[in-house]
Each structure stands twice: as C-alpha cells, then as structure tokens.
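Labels run A, B, C and D following the written order; every chain starts at residue 1.
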C-alpha cells in the first residue's frame, strides 16, 4: 500500500476552504468508509427503560448511498458502538458494517478491508466526527468530517460538510462524488 | 389527458418568487398528491436494533388534511419506502397510500390514479422533496417542494413552502388552498 | 357564569405586547387548562409500522405543573386526539385529562368542568396552539398561545409564550403564575 | 468536610464570564456528579400509549465520560426521575446512579457519596439544569449549568456550558477537565 502525499488543508476561513474544495478529486473514490454515530446519525441515541436503543438516520442519505452503489462504489461502515442497531441499519441500507471496533482498531479494519478489495489509499474517502476516527481520517485519500465534528477531526479534514452529522451530511458527500462523475443527483 | 402549458418559475430571488406565488390558482386543486419521507416527515427515520422504524409526523398537517377532506379534496400519498409505516400512518390520516413505488414508477401511479378518478393535470398539486419526485413535479398542475427540498426539486417547483419537510409544510399548503376558497383555517 | 370584559390585546409589536404582559393578573388563576398536541408536545407524533405512537414532552413542564399543584392550582388537559397517549401522559403528570374531544366540544367540556369545580372565567387560563382551541381561548380569562401557534390563536391571545409548543412553553407559564404569587421557581 | 470559599461569578456579560472561566481549576476534579434530565438529556421524554419512556442521550457525552473514567475520575448521576430509564442508561455508561431522589434530598445523597469516597468539596463538580439542582450547585467546588439551564442555576454557576443540555454539554465539560490535565480529547 503506497503512502500518498495528500494535500493538507489549513483552515484559514470559509473562502480558503472553498477554494481547496474544488481541488478534491471526488471522481477517484472507489470506497466510501463511514463512521456510524455522529456521521450516519446525529450522535444521539434514544434509550428506553429496558435498554432498547433507537438512532435517527436520514432517508436522504439512503438515496445517496443507493446512487453510489449503482455506480459500483463500495460503501462500508466502521463503528465503535456495540449495539446491534448499527448492523441492522446497514443491512437495510444494503452495505457491509463492522461494529464494536475500538477507536484504536478502526484503521486496522479499514486497511485490511482495502487490501482484501484491492483499493488504494487515494481511492478511499473516510468520514467521521470524533476523536476515535482520527487514525482513519489521517490515512484516507480524502478525509471528511461533519459541520459539528470534533475540532481535531476538522484539523485533519480535507472536506468539512456544510451539514451536521445525521442531517443529510452523507448525502452531501454522495452528491459531490456523483457530480464529479457528471451525474446530477 | 391534456398537457397543460404550466407557468414555469425561474427563481431569481425571494421577491420574485413571492410575486409568482400570488398567481398560483390554489382553488382549482381537486387532488393533493404527497410524497411521504421528507414531505409528511422530516426525512429521518428512527430505527432500533430489531429493524423497527418510527417516523415523525406533524399533527398540524393532520388538521390541515382533515380540513381539505371535508371540502371533498382528495389527498393521496405516493412513496418509494417499503416499510409499512407509510400505510399505517396514512390509514390513521384516512387517506389512500401507494408505498414501495420506485422513483421511475411514481408518475405512472399518479397518472393512473388521476385517470381513474377523472382528475385533470391542472387540478393536481404534487408535493415532494427529492429527485425521485421530479417526474411528478414536472407533470402536476402545481409543483410544490419544501424549504429543505433538493435543489433540482426547487427548479421544478411552482411553490416552495416556507417550512421544511415534516415541520408543518403540508399544513402550509392546506392553508393556502383553504384561503383561496375563502376559508380561514 | 359571568361574562367578563377581558382586556383584548392588539398586537402591534414586541414592545407593546410586553407592556400588556405586565397587566395580566396571573395571581388570580385557579385553573390552567391545556391543549395537548402542540402545547404540552411540539405538535409532532412518532409513529411506527404497527400504529404505535410516541409524543415528546418536557420534563421541565412537569416540574412547573407540580409546583402549581402544590399551590392548589388545578391543571387539566383537553385534547382532540383519540390516542391514549394523552391520558397515559396526564396520569404520570397527576392531572385530569379529557381526550377525543372535537374542536367544537372543547369549550363545552371546559365550561362544564369550571361549573362543576365552581371556577369563574377570570380564574381560568387556557393555553392552545391551533384553530380548534379558539373557542376556549376566546372564553378563558387569560388566553395563552405558543410562539409557533396558529396566527388566529395569536390574535386571541393575551399572552404568547416566548418558547414554542412542547419546548418548555408550559413551564414558562407556570413560572409566571408562581412569580406573581411571589414564588421564585 | 471543609467549606471552601469558592469564587462566585457575577454574570455581567459574555466577556467577563469568559475571563472567569480560565480561573476554574478543572484539574482538581475527582468527582463529576450529574443531574440526568436536562443535563445528560435535552430535558424531553418520549412517551407512548403504554407509559413507556424514551430519552435522548449523546454518544459524544459517552466518549467523554469514558475518557474521564480512564483517568480515575468518578462520574455519578443523581436524578429526581423515578423511571428506570435513568439507571438503565447509566449502567450502559458504566457509572453509578441514584434515581428517584427528591430535589431536597439530592444534596444529602451527594454529600454522603463524597464522604464514603473521601472526596472533598473542591474536588467535586456538579452539573444540573433546574431548580432542584440548586442545593448541589451551591455546595460543589465547581457548579456547572447548561446554556438552556434555569436562570437561578445560572446565578449559582461557575461555568455555563456553551452547549444546551443533552446536546453534548457533558462532553464539553469532560474536554475541559481533560485539557487542564494536558490531554487533548
């Protein structure tokens, strides 16, 4: 696996970030790896008196993920959370998921998945919102965090979505990838 | 079915859109066809570890739909979603629903429903928020999208609600229809 | 029952409304009658594929209602909704509820309750957010609606809460009543 | 137990509060005691027709609490609420909880817990959002309330979080404690 010299963005204001944005080569993406809580959800969990948990997901994100899949782009979830809601949700989305992965092991899981599927670093976009995503953010060809992501994630991000986590932020990324391939979605 | 030459709105700013708004003939509406997710809901789904799904709907929308029904206006839902929550919700609202309809087939379902009920194009308002609604938006006499609708939907919309999807946007439309008939609701 | 000549507020701006606010005699209130959906909730309902419904309530509202009850002020709910969630919630709050009451019958239920409990018009505050509350708003000594209430409700309101329905708006009213009695809550 | 002469903050504007903030000695904290509703949640409860209750919690708060625990800082919850959702949630967080504690008894529970665990007043941070937290806020070495906390809580607070209750406000406090120990989280 070749270590790419990736363009590092130093945030100096909205205008600069926008300028750099145009340089991201979304069209090269073959794998979109996603954190779950705070990325595909808003970072909240609804819990009842029996420990049952609900999370809130975006149907617009689902439409975007489906559009990527139709183009042969792989979408995968890597999450620290142990609750089976992660896997159940991903099953409905028709994407593979790795749950119960500690922050330290997230990058290991991502790297092994890439090797298995023969995907290079520059072909990978990783999207996460919290400190346990930093390893993957640093590694991926395109590092993405959400508008309400942790400050450290923003330091590593090539792209910060305009939308907050769970509020159609994944769809925003899907639309950028599709747009770079000339598909308006 | 006669193809109407419908007034196309080119968005050039809030003031222009407002001017055109006053030209929409809400009083002619006999059928209000609605998308479900993102229109009657906020576009989110709450999901638990067993795949059970909840959606959030507006009770104010319900009051508006009831008022339309009392005037003999038909309200119907056409949704891509396969989860039975769509039909269960519509049953409580006392309106007909078509769920599991792919984006490509939505217009077909709408057109057939109109033919069956002898409703012409100019008597139909369609309201949707995402790209799989564009066929119906282009076809309907009045095309409506929500404040947070997809940009492409906004391009096709005769009216963009001030409220976002699920946040009483349907009620806003109901009130406009009622107002044009001289009923303050 | 004596028809009171109640101070009618004509909204001409924030400053005027504030001036009138100070004239409301909150201390006279013996009965606080509340609408449910949109007043004790945010006007939304969470529904699943089996028709089960959840509503979102404020724990801060609960604390305020408890404080009123300790002072001997009666709190009661009058709702159009037929789902038993209304009665279940009110039972937990320890207050009486009348559910499944059509908009036309709400005032009748309120008036009968007042007669039974020997409560005069000027001793009643009614709080509601939608058109089916207007009869009660017009009748009650103090008419209250929420920041996001229907425009018609606002026309009848002596007081419009700063908070929106379900977002601690009832607590805001409780605190005003307590404050007028010299209790800081 | 020694009564500390704690720095009292008189709120005279954002700039002053910020100045005082820097004087809080977060590094001394050995116990972070938390209210539940409105602090670890947004102050709302989701209730269904059978009285079942859900609350919304932040997964980012969980990450922060875990980081504190790894440093040997004790996190504990003291709540008035009787519903078992409090204890179930705390069990998942791996922290001790005292639920069903009336507002008057909250300070008693806190003091006894401190005595048992040999924790002094200046080593305790208490975080709460409503009037039943005031006893504990007055007592704790560092009194914390949330951006949307009750005005009286704000009068007693040494620190008011930028975030509102349940919206990652606890994480904000965790990050401050970690930062003062030289750990970026």
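The criterion applied here is as follows: contacts are C-beta pairs under 8 Å (C-beta built on N, C-alpha and C of every residue); 3 or more make two chains touch, one makes a residue touch a chain.
What you see is a predicted model, and the numbers here were worked out from it, not measured in a lab.
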Interface residue identity across copies chain A, chain B - same or different by half: different
Most distant chain from chain D, judged by the mean position of its C-alpha atoms: B
Between chain C and chain D, centroid-to-centroid distance (C-alpha), Å: 32
Interchain centroid distance [CA atoms averaged], chain A/chain C, Å: 45
In chain A, residues with contacts to at least two other chains: 46, 54
Arrangement of touching chains [line / ring / star / complete / other]: ring
Of chain B, residues touching chain C in the complex: 46, 52-60, 63, 83-85, 88-89, 91-92, 166, 168, 184-185
Residues of chain A touching chain D in the complex: 37-38, 41, 43-51, 54, 81, 130-132, 152
